[in-house]
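Which chain is which? They are A, B, C, D, E and F, in the order written, and residues in each are numbered from 1.
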Amino acid sequence: MTPIRPTIPLDAPGKHHGFLRLPHSRNDSAWGSVMIPITVIRGAEGPTALLTGGNHGDEYEGPVALQQLAWELEPGDVTGRVIILPFMNAPAIRAGTRVSPVDGVNMNRCFPGRADGSVTQKIAHYIDSELVPLADIVLDYHSGGKTLDFLPYAAAHYLDDADQQAACTAAMRAFGAPWSMMMREIDAVGMFDTAVEGRGKTFVTTELGGGGTVTAVSARIAHRGALNLLRHAGILAGSVEGADDSRMLSMPDDDCFHFATGDGMIQPLADLGDMVAEGQPLARIWPVDRTGVAPVTVTAQRGGLVAARHFPGLVQTGDCLAVIADPG
Amino acid sequence: MTPIRPTIPLDAPGKHHGFLRLPHSRNDSAWGSVMIPITVIRGAEGPTALLTGGNHGDEYEGPVALQQLAWELEPGDVTGRVIILPFMNAPAIRAGTRVSPVDGVNMNRCFPGRADGSVTQKIAHYIDSELVPLADIVLDYHSGGKTLDFLPYAAAHYLDDADQQAACTAAMRAFGAPWSMMMREIDAVGMFDTAVEGRGKTFVTTELGGGGTVTAVSARIAHRGALNLLRHAGILAGSVEGADDSRMLSMPDDDCFHFATGDGMIQPLADLGDMVAEGQPLARIWPVDRTGVAPVTVTAQRGGLVAARHFPGLVQTGDCLAVIADPG
Amino acid sequence: MTPIRPTIPLDAPGKHHGFLRLPHSRNDSAWGSVMIPITVIRGAEGPTALLTGGNHGDEYEGPVALQQLAWELEPGDVTGRVIILPFMNAPAIRAGTRVSPVDGVNMNRCFPGRADGSVTQKIAHYIDSELVPLADIVLDYHSGGKTLDFLPYAAAHYLDDADQQAACTAAMRAFGAPWSMMMREIDAVGMFDTAVEGRGKTFVTTELGGGGTVTAVSARIAHRGALNLLRHAGILAGSVEGADDSRMLSMPDDDCFHFATGDGMIQPLADLGDMVAEGQPLARIWPVDRTGVAPVTVTAQRGGLVAARHFPGLVQTGDCLAVIADPG
Amino acid sequence: MTPIRPTIPLDAPGKHHGFLRLPHSRNDSAWGSVMIPITVIRGAEGPTALLTGGNHGDEYEGPVALQQLAWELEPGDVTGRVIILPFMNAPAIRAGTRVSPVDGVNMNRCFPGRADGSVTQKIAHYIDSELVPLADIVLDYHSGGKTLDFLPYAAAHYLDDADQQAACTAAMRAFGAPWSMMMREIDAVGMFDTAVEGRGKTFVTTELGGGGTVTAVSARIAHRGALNLLRHAGILAGSVEGADDSRMLSMPDDDCFHFATGDGMIQPLADLGDMVAEGQPLARIWPVDRTGVAPVTVTAQRGGLVAARHFPGLVQTGDCLAVIADPG
Amino acid sequence: MTPIRPTIPLDAPGKHHGFLRLPHSRNDSAWGSVMIPITVIRGAEGPTALLTGGNHGDEYEGPVALQQLAWELEPGDVTGRVIILPFMNAPAIRAGTRVSPVDGVNMNRCFPGRADGSVTQKIAHYIDSELVPLADIVLDYHSGGKTLDFLPYAAAHYLDDADQQAACTAAMRAFGAPWSMMMREIDAVGMFDTAVEGRGKTFVTTELGGGGTVTAVSARIAHRGALNLLRHAGILAGSVEGADDSRMLSMPDDDCFHFATGDGMIQPLADLGDMVAEGQPLARIWPVDRTGVAPVTVTAQRGGLVAARHFPGLVQTGDCLAVIADPG
Amino acid sequence: MTPIRPTIPLDAPGKHHGFLRLPHSRNDSAWGSVMIPITVIRGAEGPTALLTGGNHGDEYEGPVALQQLAWELEPGDVTGRVIILPFMNAPAIRAGTRVSPVDGVNMNRCFPGRADGSVTQKIAHYIDSELVPLADIVLDYHSGGKTLDFLPYAAAHYLDDADQQAACTAAMRAFGAPWSMMMREIDAVGMFDTAVEGRGKTFVTTELGGGGTVTAVSARIAHRGALNLLRHAGILAGSVEGADDSRMLSMPDDDCFHFATGDGMIQPLADLGDMVAEGQPLARIWPVDRTGVAPVTVTAQRGGLVAARHFPGLVQTGDCLAVIADPG
């Protein structure tokens, strides 16, 4: 049984700000807690949307948009209920790190979690077993974080259930990001996506930039996307804005992923959004410990659009250097 | 007397790749060394350019451009001498950190260094006392690093000596970055800039992006800028390319700098290159430990162009959040 | 099967000092061991008492009293057997930390442990499966450690088995601490208490102060308590001293626990042992990063006696700030 | 010249909350700052008091009292000026450590500081050269911090200038702590006390408890002491309260200090406030790695009152274990 | 199912150098990988040998010999196939530590591993389930690492299957180390040895020195041993060299192992290869915190040859100080 | 003025064990001390020898020999005085590291130290200014520590004062190590050697092995060497033993030192004591991150005897790989 207790009611009318409280004994507080902020806004009868950010602690578009929504949405605006978790992996958010500093766990590979597991596993377990069942539609925000950079897109998965896939795809399009991505997940074990889809829910995820920063542009995409999704779900009034401008992308297979074949410093030869041809050089990798040595060159395994890239200047062998997607 | 010894001659004709070797006893190597890579390319009689990068260890445009130049420039191309140090603060470059992991020193605040100081001070001392005197013109590359982001510009300082200032300004313009910045340095103590200018040299510095990454675009700016500078100095043949497209900027006073007035997560409301009016909101700062709290808003103290900004999603009170420059 | 081996016999007459040896390969000793000190004193035929301290590594009253007993008790004094483990979580004791520095595990939430688990789990497994079965009565010392402070009390649990509860309560009273506490454990999973009680043993635990220190007064309480308990069990001759002066307390429900609702610096408004009324302010929490901000005030959810409090000057949201118990 | 700038005026009428801003480039913020909170309250013409806390980052009575004063004192209450620095060593306060986590410097041994030194040295230099000269009377709060515990006292030094000593002693008595201590400082190099006294100011310091905690009692002593001092100085109206109850103490020589002669776990045999005779055992030190070993016993070198003691349960050879003072 | 993919074919003719790629998301590379180098050399039809090093990351004789073999062996030399893994625990090798810096796991106690476990468990699982089944004979190199030192020997285990034991013993003798050791493994749970033997393979392991270094002599033993083993298996042509000079040793029981009974600094009284008598002093242990204290002396529990010893100058209670083996 | 105080008299007859006490405030003990163990043995009138070890904290032959001497020498054996400091850099010895964990200072490059410096500088200052002046002859033990390995030798320097050099050389020969080394120190700034010689004292230093371990053989060399030196000085009775067997070596110039030209794993091709010819390969350096790459080979710059080598299996560019000395 989960040790987590919410400090606010999850089903009361009105707007409540509080925490999911997880007791956690640590050297600097024997009777301490991990506190995961939560806001619930309930208006007239209607569906429930669960909006989550901070699955990884160094991705900020979602948390920023959700803090703003938690601040500005009022029960009178809402037909149904909006549950907002801007900081799912609260310890990682405080530390500004992808994985939890408490247990080193990558939250998005530990679902459905464990009630008697580590801190991250306990949070995942609570969200999966207590919050997801309350929802009709789930939006989980991601960005590239400190080490990846993405073209801004909302995404849906190819699913076995055609109706569910259609619902997810429609919601993805409603989000109205500049790009919309259909993905066939190869290694879906442990993902929040998989857990939510497994419960038959409509699910949308995003990648809205990267580098561990937010821009005014990416913040607006994130905020408008949530409003659009809530309008699409009938929870907010009004019609979806700007969704028609979104361009389609797909990542059909493993060849999309390009890995560094050496350690060193990256000299990119193509940027996000550039079209590249098969065999075209994507980047050079230079050593940082000496001069006068030829760089390693990484070339495109396939043609397409550069949709993601390694962000930091330094790279290690085996890091994903770039992803080339199919446009259209 | 400096304990540093170069492993190659600094004045021999031809092209030599080697190291500045600084003995450094450490727990994992009693008789170890800090090795700072250096390339010297000497052709026909002519002036000497000193090209430096890696003053801060998380800024990559300069190191990438200089690795490429050290690889591709040949003595037959050179009238004079090019001394290339892509990684001045070699331990910081290996660690990917702004300041040295060995002694915690910010190299660009420790010039002219000390022969009997800490590792970073010894390197600074050697560069200032042994390499700068050999040079007629010095180019020191900077970018924003992991925590700042800049419009790409080359820069020169207002100097007491009008002739020297004119020489520096001309070299800055020759570099041909998208932007060119005139700066009046308020707190110049310890900077490499100050040390080089104090020796009467022509000096250009840059800020070519930030976030601790490089793009294909910023790498091309950096590479072309060095070629342009060497052409301008008469060391390479050919004429300067694209310098006329550079737009002028200036940072006239302290009011340009905007500081965070709270800890939290940034929601930018204006991006690099945006024009803002005095009093316009630049960013909101949201807490990361709870919802339902109003954000802190930082507004523009002056009108102008957003020329620099804090890069990471999290900010602390007193961090520089944005810099607003005067265009034209 | 446990990898732990005692270096002394557990059942031989006389007095033996030794170790529980747990092989533990680590970077600084490939064939190293964790050594848990143990003393066994066996005299004439009689019952066995197991006395344990150092379950948490920053609580010292128990370890001090047990070192003294291991030093001064002689087989001729003992009718039966006394098994003394002053430092159950030996690596935590050496480090002066609540949880083990080896695996980060809180020993008192990992019972009954695992023979193939981490270091702390292996120790817990050995104690539970090898030592507890030898005992008729078990005394486990606790104090507040570095982050909590308690009124000095011995404690017993409400148990389903009325006879066992009566035996535990009698032993608690015999200990003769200034206070005696009846507790209904809400979340008893993984506690040593639960494991011992589950084996039908008479069990007493304590909280004898806190802050990670010992005073002359608290050391005397701890020492006399063990002697009293051994007298009560018939293992030492003589009668129990001072038990009649102990005052009764109880923690009946979750409302006893008061949590910090903000991060900052604590200004207590009531001390340990003070009686407070419902609604009375218990503490203010001030920020440490600025002045001129109103403090957060935490008020009593119920009336009663302040029986425990957060010890360090700094507190985080969700830390237990104070516990209010029922007197009498 | 100091790089520190206050964000508020130091001499304007009214009440201002702000910061001393010290630019500090660090890996996680290239253009970051250390921000030291400051409040200035100026009313009618009169003398200036400088009230400081957080010289060490783990001592809380002063910071708590000063936060409260900064919050509750109004210009209309003040004849003169009150300058309040609750957190002199701001980075240490945030970290909860005695010395600064930035440079490892003990602030109270680095006065008068250096304008071009490390972070702590720069803060000390600013306080000594910019703030102390503004003051007529200076109160610097100390407590034992996480590793010492003291009887609560205010203190003054024996000084060469009899008038200055009389002024300091009068102010110490006005503070009205339970104890008042006259001290002959043996090793005064680098102390804030020495710097302030060297400028001819009236100076009072305190030790108001310890262990890195605050109690309701010690918080009241600290708060009343500051009010008393301001009344004594004529800055607040009203008369000093409770000063007659303070008992006198003195530490006349080096024999007062008792050091641990072994590593281990302390069993105190006398508590703070106990009178001890020469030769009386003060504490036993037990090993934590084995049982069956005799403890080391530390005995009193002189008779007197136990006025201070080592707080943590563990001690190392050479740590100060106890201080015995002369009463009366 | 294992997440590990080889970047080269394991069964193609010729010589291929590549990696086992294990996706591993970490804070400094969200889509990073652990890359375990592998070389496969396949010639004419014949048996398969699996040669492994770097099971512990601070043992170098095996990795050096295997790097040389991977470099110099050609398909034309090979009848069958040679699979070379010089760095099984690649993250530990990079860090120079016995156990993995990623998860703290000792690889040689985690076989058969887990496909969904930690990084080290995943690598062990892949080797056990994917590579070992391909092999007829397996050689796993060990040395003492940074904390142990051994007489150089190859080793085989007493096994229940007499034929398998005979095959292993013959292979051990063919290796031709200066010493050959028969071992009865007491605690074999989790060892690679156990996993390989459990699959019925011919298995040889070694201990070829220690201290975390390699000598010219030990490197030659390691290199010749692998060539001998491949000749013995019929994979390389030619006859085994120097195997007749190997002297036999055995470790028959637990009495061979001598443990430190105190913490301190070791003064050895016998060296590797010395014969000692029962009761003879092996070493003194001196304190490092004071002078004038008698050392602890450790004496031989049995006569024999000193075959292994603790390497670092400092030792802790419970560390294995020396192993005395039976010669002949 | 030094803050260090000895706890024993330095000139009283008899044998005294104690400490040099250096007050050092740290986070875990506000009033703590660094305690440097010292033994003084004074007998009949005669000269004073100062015997020191632990200048680097990972070199053990000296500390072991000096602990034994401090234990076994009696005033009746001594004509004059023997001052023994087995652990000059006491914090480094406790940590087992070359440089001090307190301030990162290499003690043997910080003489003559500073009374107001860091901990290591204060210790160096006390030894240089208070102890060396008391001595007629000084023996400072070194070994290779964890990262170097040496042929065992005693050493003396070429000095300007021929008489002093003769005295030092005679003392070096009297020590009777297997090898005796004459050295011309190139970079002598900050060494203890230089400080002692600068005071006109007879000075002997040693290198007695390495790797951070001690063997029975090296311990005997160290112990006999000190006895020989004391006999040579007339402080102990009896004649020097075995000094005639010592073979002479010299390191005449910088060409003796061979540095690694790449990072990686060392395959030595010659061992300590081997004679090598100019141009002969000394070692190969292999990468640890991939197979199939040619090693870097380091060759001898000069012929001679391998007298020292890098010890750990891993090496970095610029580390000293080997030292070739002139025999005879």
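In this text, a contact is a pair of C-beta atoms (placed from the backbone, for glycine too) under 8 Å apart; a residue touches a chain by one contact, two chains touch by 3 or more.
What you see is a predicted model, and the numbers here were worked out from it, not measured in a lab.
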item	value
If a chain touches subunit E and subunit F alike, it appears here	A, D
Copies subunit F and subunit B - interface residue numbers shared by over half, same or different	different
Rotation angle (°) superposing Cα atoms of subunit A on subunit D, nearest 5	180
Reference subunit F; chain at largest CA-centroid distance	A
Pair exhibiting more inter-chain C-beta contacts, D-E or A-E	A-E
Distance between chain centroids, defined by C-alpha means - subunit A, subunit C (Å)	44
Computed distance of Cα centres, subunit E from subunit B, in Å	49
Distance between the centres, which are taken as Cα means, of subunit F and subunit A, whole angstrom	58
Subunit D: positions in contact with at least two other chains	19, 35, 58, 146, 289-290, 312, 317
Pairs of chains found to touch, sorted by chain label	A-B, A-C, A-E, A-F, B-C, B-D, B-F, C-D, C-E, D-E, D-F, E-F
Interface residues, subunit C side, partner subunit E - complex	3, 19, 21, 23, 25-35, 116
List of subunit E residues in touch with subunit F within their complex	17, 19, 35, 37-39, 58, 60, 63-64, 67-68, 70-71, 84, 86-87, 90, 93-94, 96, 146, 149, 211-217, 219, 265-271, 274, 286-295, 311-314
In the complex with subunit D, residue positions of subunit B that touch it	56, 58, 97-99, 106, 109, 144-148, 187, 189, 257, 259, 310, 312, 315-320
Subunit F partner contacts - residues on subunit A that touch it in the complex	263, 289-290, 317
